[in-house]
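Listed after this line are the structures, all set down as structure tokens.
Next come two complexes built around subunit A: one with subunit B, the other with subunit C.
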Partner chain A sequence: MAFTPSKETYTGKVNSVTIGIDESTVTFGGEHVLPFHTFEGVVPHRPVIAYEIQDVPPDDWPENVQKPFETVSHDPVTWAKFCQDVLKAKIIALRLKGTHPDSKNRLPEDAAKTVKEVLSAINVPVIILGSNHTEKDASVLVAAAEAAKNKNCIIGKAQEANYKTIAAAAMANNHKLIAMSELDVNLCKQLNILITQLGFDREKLIIDPMCSALGYGLEYTYSVMERIRFAALMQNDLSMQAPMVGDIGLYVWKVKETQASETDIPQWGSIEERGITWEAVTAIALLFAGAELLIMRHPRAVDAVEKVIDEFVEG
Partner chain B sequence: MALTGVEIFKLLPKTNCKKCGYPTCLAFAMKLAQGQVTIDSCPDIPEDIKQKLAETSAPPVKPIVFGVGDRAVKLGEETVLFRHEKKFVNPCVFALEIKDTLAESDIQRRIEEVLNSEIERVGQKLRIDGIALTNDSHDGGRFDAAAKIIAAKAPYVPVIFCTDNPVNAETAVKLFPDKRPIIYGANSENYESMANTAKTCKAILGVAVSSDFGRSSGGLDELATLTEKIKALGVTDIVIDSGAKKAKDILRDNTFIRRAAVKKNFKPLGYPVITFAQREDSLIEALITALGVAKYSSIIVLSSIEKWKNLALFTLRQNLYTDPQVPMQVKQNIYKIGEPTSDSPLFITTNFSLTYFIVSGEIENSKVPSYIAVMDCEGLSVLTAWAAGKFTAAKIAHFIKESGIENEVKHREIIIPGYVAILSGAIEEKLEGWKVTVGPREANGIPAFLRSRAA
Partner chain C sequence: MLIIGEKLSIMAKTVREAMMNKDKGPIQDIATTQQKAGAGMIDANIGPAEDGGESLMEWMVSTIQEVVHLPVCLDTTNYNAVEAGLKIHNNEWGRPMINSTSNDPERFPMLELAAKYNAKIIGLTVGKGGLPADAEERTAIAAEIMGRAMEYGVPLENLYLDPLVLQIATSQDHALKVIKAIKMFQELNDPAMKTVVGLSNVSNGCPKQLRPILNNYFFSLLMYEGLTAVIADPHEITTTVKTINVILGKTLYAHSYLEM
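== the complex of A and B ==
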């Protein structure tokens, strides 16, 4: 019986976003089809993975993901260089965790200084993330955006409670912006609209629908991402066409499965392999759901995900 | 796609004779479209129309039971492409490959790995479901010998016999009478004798075409032709393989297959898909398997099943196959951890499965016998339930009073989750005579919390 595969017709497309300056820019998004559907449309750019670093040593990361960075993570500049030069990071995501009131409660000026130092030490594009304290982020990210003026970074994350100041700072200093809502398609749409109503260019937005780790609500993030992509591609909803980011490492490396020792739970097997696999599987699942940008920690998880991306885009 | 009520109505006798128990043929048609009645209730539908209706109302991906008894697994029956549309129905099956070229001791060891693969997570028992014996030796004797080891050691584990040799297939399958194994190996050359064996042995038939990279439909045309020929020979319990091995081809073929089945009700591809995910690198294999889990494979064959890998894959499968409308829940109840006495601590939490199992696991870790009052909050987590007004002081007070716990414990102290510390005053007000203690925010703080109370 003759079979003709039915191809989907898409009415919308995902915006393509370029970050960084000069020769070292990175572009992601831009596809006209569902994730990796190269068999029925154009996918001009592969998804990209950013390595996460912090302005403070990663004391709260599980030992197995601290290890690959143990000689460099005492200092964000050394850490950033290591990711760029040794791990061949395409993007660095600098989390200003030390600004959180429960961490070192560093001042916006301190954060700005760290941002400047990191930016002058590396060429690859940078994502600048706050500590996810909505009030503090409003001042920290403004200072950070200024410190990175015209470097075409991604600033994040703007949330309902603080988007006005952060979006204004991203706009004034020529950056892209992550808009984060909480696992709800309508809240996501609403925040994107509010931000563009401030005059922020919708083609400079990146959506964070809020990540969750494998086993800890992954299915919610997965379906919300799929629905956002549907709105973008099938319904040509302009407010939902920004590329999506998965802030994987942060969520994965705090769950029990990445930390419990093999002596405590022998039936779970090697703690090291388990943690890496947890991060890689979470990442790949969110790529299938529609993420174009991932923020990750473990080099082996990153490498494995890159290899599978190769299989999708090559040949 | 299933027919609408009106489309079904057009095929009915239109006599409104009421023998079906409905006043009109149209009313019956509507019920039929909703799947609330079966065609047999109308005695007057001609046989050919009946068959047509049965075919169109069947799920687009054929339901098949693989194996028998407690370990039998269901395949297929899927109705959608995306989980937010409707629940994915039958979680894909994982099978471990065992090569017949292995030494007997290795075969034994691998079978044991399968038998010991079970892990409990969020109240579900998850495991490697089956074994795929491959005829790498191309030798009938070796294949038979390996099959005998499996039959002796794991008689109730669903098995896939991978060979394109009909004689080898038949000898092996005969060791599993009435156990509904899969013979994987029908192709355009051998399909007649393979179909014959499948039919006489009541086995499921795996149908494969070789993948041809770059072909736009990846051999699906050939696959569809082959399943039709096999169906004509009387075998309809079929699983299909387009031959795709690379991530890109698996996604393309599986998408085209599921789309054809769900959107066009294209029967020749309306069968469960089997995917061979084996890779040198076990982590990469895990990611290719993840692709199969997310994108429409019904059976995935693995080359290794390390515990860490199983845990991640079981969890992904469990996540993606939960009902998007109804979170996994446990029943409202007072649960006992260990053997609590009338002095034991009493915790309260919501009935979201994940919440309950994390909290109960930590209490178990602490080795302090306890009670957990699990309140029905429609399966929402603590903070979500609180934000949605389902985990409030008044409701908690009411639940505790009604639960009968006052007859079980002598004390009047309840430990609440740290995240809802704000409720403590209001609960004490509404629950007279009770003292509220605020527990840690994260469940992993519970063992230390209990230890410090004991000290």
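== the complex of A and C ==
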């Protein structure tokens, strides 16, 4: 007798989210099953990877992940075009890192100007990220959302301390929104409820349960993502059916394994390979946990993850 | 938890008058507020309705479904009235329910209707011989009803077993027996049999301020045992449904869970 895998039936589904405008939209989410369970039901869209760029040169990135961008990263517009045209990026994630008070402390209006310039130089959809300083983000992301009005971007990240202003700005300017909580499934649900109670459409929401790198709490992110997805699919919990984002690069390229030199720890092997592998492995783990959108840095890590997605989607 | 809204009963004066005068307003208002409060089905209790039962049930079903997109629970002992209701029922919003059959031969024909119209049906575990003494007797009757349902061609997933809730003020010992019966009923089949209670009967005859307290605490014990459906006032019990679902791990907790 032929082997028939047992099949789970699910009562809920993940919302599908479309970003960008005109001919250059990207859609992710929309599945009725656990990640890559194509044998159980509908998986209409494959997970998608966004290339991360910054409004200021990436001086804080390790040398090996600065290198692929060394001729373009002095200017966000050149950098964005390079990602779109040369690396064939499907989405660009513009992090307004320079607005952080500990960085260049750039003003909201300067950040808005950068957003406008980047948007007018490229066609692919854009994710606009703050510097993860909750107070500063509240003003920066409002200005950025206005500058990108009607471009159907993703604005992020709204957190417990600043969600009201950021969600209102995303709503007023027709954007999607990332809601981030800190590795806690119940607080994640609570934030989603609070944001929708403001009148924000829950189908325009993307969940960031907070990322972490391999070896540095990845299992926490994995487990929270898994529980979010169980609530969405098995309990048909409407407040938990948003697709999820993994902000991979930010977390991976600051851990010891992506930074320690071969002279210091020769037994760890090539620092370049090590960093790329670390980013790819972290990303793949979170795809299996349920992430539909990844924000990554190294082109070779992105290529490796795309190959894995190919195999699991088309397998 | 399927909440079957109980407020459209001929026992209530405003409802009775609206039924007599064929005044849609009050009926539709009650149906709408019950849906908003969380009802998944609306009970239409027209009593024995010996005269004009058919047209009354038709009128009730169409009046309710004109404003709420929910199935209706047809609550009467009148066979022809039930059939009239089943014929006009809009199944787009879910299949109707017959309230009820039992182990009394006079109620067997209701199973015929359930089979013919693929309706859900409540099996009240009482016979002609009077009230069941304990959980075991309720379960024995339940097994007989299940056997008969299969004879009539009613799939067991359409049968909701009702242990018959009695008044705590006069039959206190039956409260625990009903809870036990809910547990035992489920074990009669795999997948587990579905169960239902008419909740408010537990507090019938008790002082008004005690009724919601008795209803809700009793209901939470029944939920713990796996009750599938309840005939009740949704306004009164939704907090309990949400809270017990959180405690039982069926809903993920968040501070605002009651607002969902």
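Keep this in mind: the second predicted complex is superposed on the first by the 310 of 315 C-alpha atoms of A that agree within 3 Å, B and C clash if a C-alpha of one lies under 4 Å from a C-alpha of the other, contacts with A are read in each partner's own complex, and residues count from 1 in each chain.
Basically, a residue touches a chain if its C-beta (ideal position, glycine included) is under 8 Å from a C-beta of that chain, and two chains touch if they have at least 3 such contacts.
On a predicted model such as this, the values are computed, not experimentally measured, just so you know.
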| item | value |
| --- | --- |
| Side-by-side fit of subunit B and subunit C on subunit A, or clash | fit |
| Which superposed partner A:Lys149 touches (first subunit B, second subunit C, both, neither) | neither |
| Partner chain in contact with A:Leu194 - subunit B first, subunit C second, else both or neither | second |
| Which superposed partner A:Lys164 touches (first subunit B, second subunit C, both, neither) | neither |
| First, second, both or neither for A:Asp237, with subunit B first and subunit C second | second |
| Partner chain in contact with A:Gln267 - subunit B first, subunit C second, else both or neither | first |
| Which superposed partner A:Lys88 touches (first subunit B, second subunit C, both, neither) | neither |
| Apex subunit A: angle to the C-alpha centres of subunit B and subunit C, given in degrees as a multiple of 10 | 80 |
| First, second, both or neither for A:Lys67, with subunit B first and subunit C second | neither |
| Distance in angstrom between the closest Cα atoms of subunit C and subunit B, superposition on A | 13 |
| Overlap of the subunit B and subunit C footprints on subunit A, listed as residue numbers | 227 |
| Subunit A-touching residues of subunit B, taken from the complex the two chains share | 82-84, 119, 121, 213, 216-217, 220-221, 223-225, 228, 246-248, 251-252, 255-256, 259-260, 263-264, 266, 268-269, 281, 283-284, 286-288, 290-291, 294-295, 306-313, 315-316, 318-320, 322, 324, 354, 358, 444 |
| Subunit A-touching residues of subunit C, taken from the complex the two chains share | 250-256, 259-260 |
| In the complex with subunit C, residue positions of subunit A that touch it | 185-187, 189-190, 192-194, 197, 227, 231, 235, 237-240 |
| Subunit B partner contacts - residues on subunit A that touch it in the complex | 1-6, 8, 36-39, 214-219, 222-223, 226-227, 230, 256-257, 267-271, 273-274, 276-278, 280-281, 284-285, 288, 300, 304-305, 307-308, 311-315 |
